[in-house]
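Across the two complexes that follow, chain A remains constant while its partner is chain B and subsequently chain C.
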Partner chain A sequence: MKKRNETVLVAVIAVILGLLAGAVMMLILKKNPLSAYYNLLQGSGLAPKGKYAGGKSMFSDFSSYIDFLTPMLFAALAVAVALKAGLFNIGISGQMLTGAFLATVLVGYGNLPAVLAKPLVILIAAAGGGVVGIIIGFLKSRFNISEVVSSIMLNYIASYIISFFINTRYVDPVSRQSKEIGQASRLTLHQVLVGGFRYDFALGFILAIIAILIVRFIFDRTVLGYELKAVGANREAARYAGIRVNRSILLSMGLSGLLGGLAGATYFLGYTASIQPKVLPSTGFDAIAVCLVGGSSPVGIFFASFFLEIIEKGSTYMSSQAGLEAEIASVIMGLILLTSACSSFILAKVSRRRVEGRGSK
Partner chain B sequence: MEDHIIEMRNITKRFPGIVALDGVTVQIRKGEIYAILGENGAGKSTLMSILFGMVEPDEGEIYIRGRKERISSPNYATELNIGMVHQHFKLVSNYTVTENIILGREPKHRLLGVFPAVDMKKAEAEVAELSRRYGLEVDPKAVISGVNVSARQRVEILKMLYREAEILIFDEPTAVLTPQEIEALLEIIRMLRDGGKTIILITHKLEEIRQVADRCAILRRGRLIGVREVASTDAEEMANLMVGREVSFHTEKKKAEFGKTVLQVKGLTVLNEDKFPVVKGVSFAIRSGEIFAIAGVSGNGQVEIAHAIAGLMKESEGDILLNGESLLSKDVRERIEAGIAYIPEDRQEMGLILDFKLKDDLALKKYYRHPFAERKILKHKTFEEYGSKLIDRYDIRCANSTETLVRAMSGGNQQKAIVGREIEQDASLTIFVQPTRGLDIGAIERIHAQIVEERDRGRAVLLISLELDEIMDLADTIAVIYNGEIGKIAPAEEFTTQEVGAYMMGIGKGQEGGKHEKAQ
Partner chain C sequence: MIQTIIINGMSFSLPLFIMAIGGIYSERSGVTNLALEGLQGFGAFVGALAGYIAGMHFGADSRVPQAVALLFAILGGMAYSLLHALLCIHFRADMVISGVVVNILAMALTTFLTKSINRTVFGAASNKIDLGVLPRITVPGLSKIPVIGAFFTNVYPFEAVIIVIAVFVWYLLYRTSFGLHLRAAGDNPAALDAAGVDVSRIRYLAVMMSGALSGLAGICFAYSISAKFSGDIYVGYGYLSIAALIFGGWKIMPTLGACMIFGFARSAGYQIVQKLGLPSSYSDLVMILPYVLTLLLLVFLAKNSQAPKALGEAYDKSKR
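Let's turn to the complex of A and B:
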């Protein structure tokens, strides 16, 4: 209980410090940080804008914010599942692409009815991402190849192979991206007119909430969760206890990849409807930051994603309103990550001293 | 008043739970080879770490060349012309010999008269010169990863000499060498002394001391037992002092009643990571109600025997049978379930998950089974109740009961948790490896009593220990291991402490006396 409080404290302090540092930077640029931050909230549909275009409202902004948030929830969960077993999955971008591309090609361009297409998209993307994860886990457990290296390499392999197929077979000559998928297989009900306003309904969001609860249950209540934690905390001791360490590594990477695939589905077949060749989605990398700020707990990740994605989502509006570059948002994200890394370090120092103090008595 | 180059007075150092050094005073003369002898954990390395500035003493004073010094870092020790060759070499493996030697003290020049740079030519010439002067053969341009262990050791020695060390500390320098290399090293040490250096040699090998040392200090359990002139003493006396003739405490135990054979090890050979045999064709059997102890100096294969039985290391040859059934095809968990409890040597790296709560660590071998889990779902209430039960039964002291983070507990209580957990396994064989290392006397007595209780309950006990006292006190049967082979197995009453000690050093009964006569 106490540990949880401390983790929350670290996250909150990190975010405040990051925002303060961002504010200082804006002051140097002679902009008003308060109004800029308010613009971020407005851009994410959490505060009313001065005026809206036809068919838009604060709630439609908020609905598209949730749509934007959904892939991040999956991606950050994917990081957390691997991290539990002491593994660093940097390959979420590749898993997103793989899962999403397979779902796009196999279902997105077909004519299946929505009731069949949508579940199929989810299953195929999950399986595709899971397979990539298992490959990484296999290389790790069988040949002791660092999962960091293999997952980064697989990112590029996935990205370039997929780009090849998009460019040769599925390209839309106007957008230079893959052709848009049919609405039946899209996981976001896009621009639906309700009561005179247009909303984006992210069906994946419900799935993400379920995934958070399932992962939380796995971590806290299952034999699998106990084993993953043991392997992550002390591989030698886990082996000594009779835990099949290699199997745990495979499972956690497979599960992580599966969640990565779902992040891909909700991103490329939800938030967008096409894949841009040769670009690794930044969500896969930002997810690491989100997971750390969220203390790699499923519920923490929900709040961290919700908060940090405001900065990303609102940046466009902030840029148009305050005349600040949209990239400022990335800088603030970076600062928050930096401060959160520092504060975990400080917390570790403090609690170690406390432990040693107790030990020497 | 003699001219002492080093005086360490009343040095005391405490680590959580143990006193590593207890008022130790040593005085070392300039130009002598001063050996520090003691068993593992006697405090030799700690004493030298203090002299080299890696550890600060809690009490005591250090005088170097008659001046009181506070040695706060290895850098300051280097300034005082103190050098140390560590047991585990501290070299950058992808650097060359020269780069390693000059690291931190590089001769510099200016490229084109402007840019400062390392003068590698000059450095290599200096290293070659040093190597010639002291007869320490190395190739200045060779990369460390490509040279053998004994060359690496020469590089370490040159590193000290390059830093103009006058006081050279060798921490167990022969542990990694072959007999021929040992001869050569001892010759080098002798020559360095003749060149005016002062040498401190940490070792637990009597033979080396007799060959090169002038004087020898003997440490036991953090206390200085005595200092002897090597010329006027013999190996036997030193061995007695090191091991301790008197058994310091005694565990009550009734006469053993042996039952049927529980564990049978037949021709067991185990290879280490480098495919080198560390256990060579070992055979023994343990009966129920028997404490079978393996005595030996650290690193002679005894831990590997325990690992092989538990399934943590693959056996390359031989067979292991538990209650008549071969364990070979079984993995770690299947062996646990077949009836093996194991208290490993390394309690923090292997025996426990330090970042777990106590209740989770106590269930480490049962968490997946009824009543801890039903259909793969954990029953937290069982963890809670089981944890509280063990905390009471084994007197585990912890601040927040079952919720205590194991990392925050003292070493003694961590060990109580492991021992409790393993005893609760109700196994037919319980393996104890170094069960009392680093514990205080009260905890030691408690664990000794538990080992005897295990025996009296009709279990087979395999006790592996470096503490001879412990083995003499507890064992019903003793096997002595040296260099991966068991020298002698016999009932405990047939062994004397000195005899076990002799086998531990690889010199059987009779042989030692012979050598001893030769020396005189």
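Let's turn to the complex of A and C:
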């Protein structure tokens, strides 16, 4: 219980420091940080805007925010699952692309009815991402190749190969992206008209909540979760205790890749309906920040995503209102990431202060 | 054809090599450095900006802006590397996480600043700083030698700079007491500490060296392959050079070999696409060659890697 409080405290400190640093940057650029931050809330449908276009309301913005949030939940869970076993999966972008591309080509361009197409998209994307994860895990356990290096290499390999196929076969000549998939296989019910307003219903969001609960159950209540945590805490000790370390590495990377594939499905076959060639989705990297701020616990990740994604989602609206480049959102994310990377240091300072406080009484 | 492969291969291998030497410095001192990618990008940004501004004050034929760019890229990379050093050495952050964080921040910061500065200072909405490609030089005489002559034909001036610096840093690492201290910091920091040398100071200097050399590499890529600074500079060359130094067993000369393999594989691939008359989208397939090669090489070499013994561990005096 006490440990959880400390994790929350560190996360809050990291976010506040990041936001403060961002505010300083805005002040240097002679912009008002308070109104810029309020713009972020408005852009995510958490605060009312001054005026809305026809068919739009705060709630339709919010529904689109949930749609945007869903891939991040999966991606951050993917980071957490690997991190529990002491592995750093920075290849989520590549796993997202692989899973999503396979699902797009195999299902998205077909004409299956929605009842069949949607589950198939989920299965194929999960399998595609999972296979990439298992490759990374295999290279790590069999050949001792740093998972960071191999996952980055696979990111670029996946990105270039997919961009090759998109450019040669599936390109939309106008948008220069892959052709849009059919609505039947899309995981988001896009711009549905209800009571005069248009909403995006993210079906993947329900799946993400289920995934959070499942991962939580695996870690807290199963032998598998215990073994993964043991491998993460001390690989040699785990081996000595009879845990099959190589199997654990494969499993955790496979599971992580599977979640990465689902992130890809909900992003490229949900939030968007096409893939941009040669671009690695930033969700895969931002997920590291979300996971660290969330203390790599499934529930923590839910809250961390909910708060941090406001910055990314609201940035477009903020950019148009405040005249700031939308990229400042990534800078603020980076700063939050920076402070949460120092979490053990912050934690040490906090607990030392506590001990000293007790001593003086 | 072989001549073109050598010429283009070397102009890619050498920046990769100098960046890998930076990585060797940092890692031999015990600081895992995945931040090379961000360091080269940040260095290139600072250099490109300085070169662009200098270019407005000198004539089109002047070489001064390019020299200014090179110098500022080195300084910029060095300054930004302090962040990684601070996180790893002072704040005792996980070195792998710190490296990745430093990269993500560099990417965000430089693309944001490029856009902001273009709009507010130069009054143009643009996400890049145009630099152009450096003029190439052919060494008279030497370039006439068959095959080997290609190494002296159409070279970028920075290639000579890199070779001079590489010789210097090789000497510094293997033949001076500073180099000995640096290598000791990565293998047995406690012994170094007992000998009265400040381990943290050595590690700070080593990381700064990696920042300086990566910045140099970054501006070389900006002045050759991309002809500009933009977000496109982050295509994983930093990680390639890490693979090269692992392949080279954390030693400078074998690492040069690895970098040359990457460079030649890349330029040979381009030549093949051109010779077969394939459409330009096929170059995407060539682009994966260095990455695939990295994975294959690591499969054969990572198992018996000779990594510095204390690599990745923050030095804790109290544990001595």
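Everything that follows uses one rule, which is that the second predicted complex is superposed on the first by the 345 of 361 C-alpha atoms of A that agree within 3 Å, B and C clash if a C-alpha of one lies under 4 Å from a C-alpha of the other, contacts with A are read in each partner's own complex, and residues count from 1 in each chain.
Rule of thumb we're sticking to: contacts are C-beta pairs under 8 Å (C-beta built on N, C-alpha and C of every residue); 3 or more make two chains touch, one makes a residue touch a chain.
None of these values were measured; they are calculated from a predicted model.
**Student:** After the overlay on chain A, what do you see for chain B versus chain C, clash or fit?
**Tutor:** In the superposition, chain B runs into chain C.
**Student:** Name the contact category of A:90: first (chain B only), second (chain C only), both, or neither.
**Tutor:** second
**Student:** In the superposed model, which partner reaches more residues of chain A, chain B or chain C?
**Tutor:** Chain A has more residues touched by C than by the other partner.
**Student:** Should A:213 be classified as contacting the first partner (chain B), the second (chain C), both, or neither?
**Tutor:** Touch status of A:213: no partner.
**Student:** May I ask you to decide whether A:327 touches chain B, chain C, both, or neither, giving the answer as first, second, both or neither?
**Tutor:** The second partner, chain C, only.
**Student:** Could you tell me if A:29 is touching chain B, chain C, both of them or neither one (first, second, both, neither)?
**Tutor:** It touches chain C, and chain B stays clear.
**Student:** For A:342 in the superposed arrangement: first (chain B), second (chain C), both or neither?
**Tutor:** second
**Student:** Kindly classify A:230 by the partners it touches after superposition: chain B alone (first), chain C alone (second), both, or neither?
**Tutor:** So A:230 only meets chain B here.
**Student:** A:239 in the overlay: touching chain B, chain C, both, or neither? Say first, second, both or neither.
**Tutor:** In the superposed model, A:239 contacts chain B only, not chain C.
**Student:** Where does A:156 make contact in the superposed view: on chain B (first), on chain C (second), on both, or on neither?
**Tutor:** A:156 sits against chain C, while chain B stays out of touch.
**Student:** With chain A superposed, which of the segments 9-17, 63-71, 153-161 or 189-197 in chain C collides sterically with chain B?
**Tutor:** 189-197
**Student:** Following superposition on chain A, which residues of chain A contact chain B and also contact chain C?
**Tutor:** Looking at chain A, the two contact sets are disjoint.
**Student:** What does chain C use to touch chain A in their complex?
**Tutor:** These residues of chain C touch chain A: 34, 83, 87, 91-94, 96-98, 100-102, 104-105, 107-109, 111-112, 115-116, 119-120, 235-236, 239, 242-243, 246, 279, 281-282, 284-285, 287-288, 291-292, 294-295, 298-299, 302-303, 305.
**Student:** Per the contact definition, I'd like the list of chain B residues that touch chain A in the complex.
**Tutor:** Listed in rising order, the residues of chain B that touch chain A are 16-17, 310, 312, 331-336, 342, 344, 346, 349-356, 360, 364-365, 367-368, 373, 376-378, 380, 399, 405, 407-408, 410.
**Student:** For the complex, which residues does chain A have touching chain C?
**Tutor:** Checking each residue of chain A against chain C gives 29, 88, 90, 139, 143-146, 148-150, 152-157, 160-161, 163-164, 167-168, 278, 285, 288-289, 292, 325, 327-328, 330-331, 333-335, 337-338, 341-342, 344-345.
**Student:** Touching residues of chain A toward chain B in the complex: what are they?
**Tutor:** Interface residues on chain A, with respect to chain B: 221-227, 229-230, 233-234, 236-244, 355-356, 358-360.
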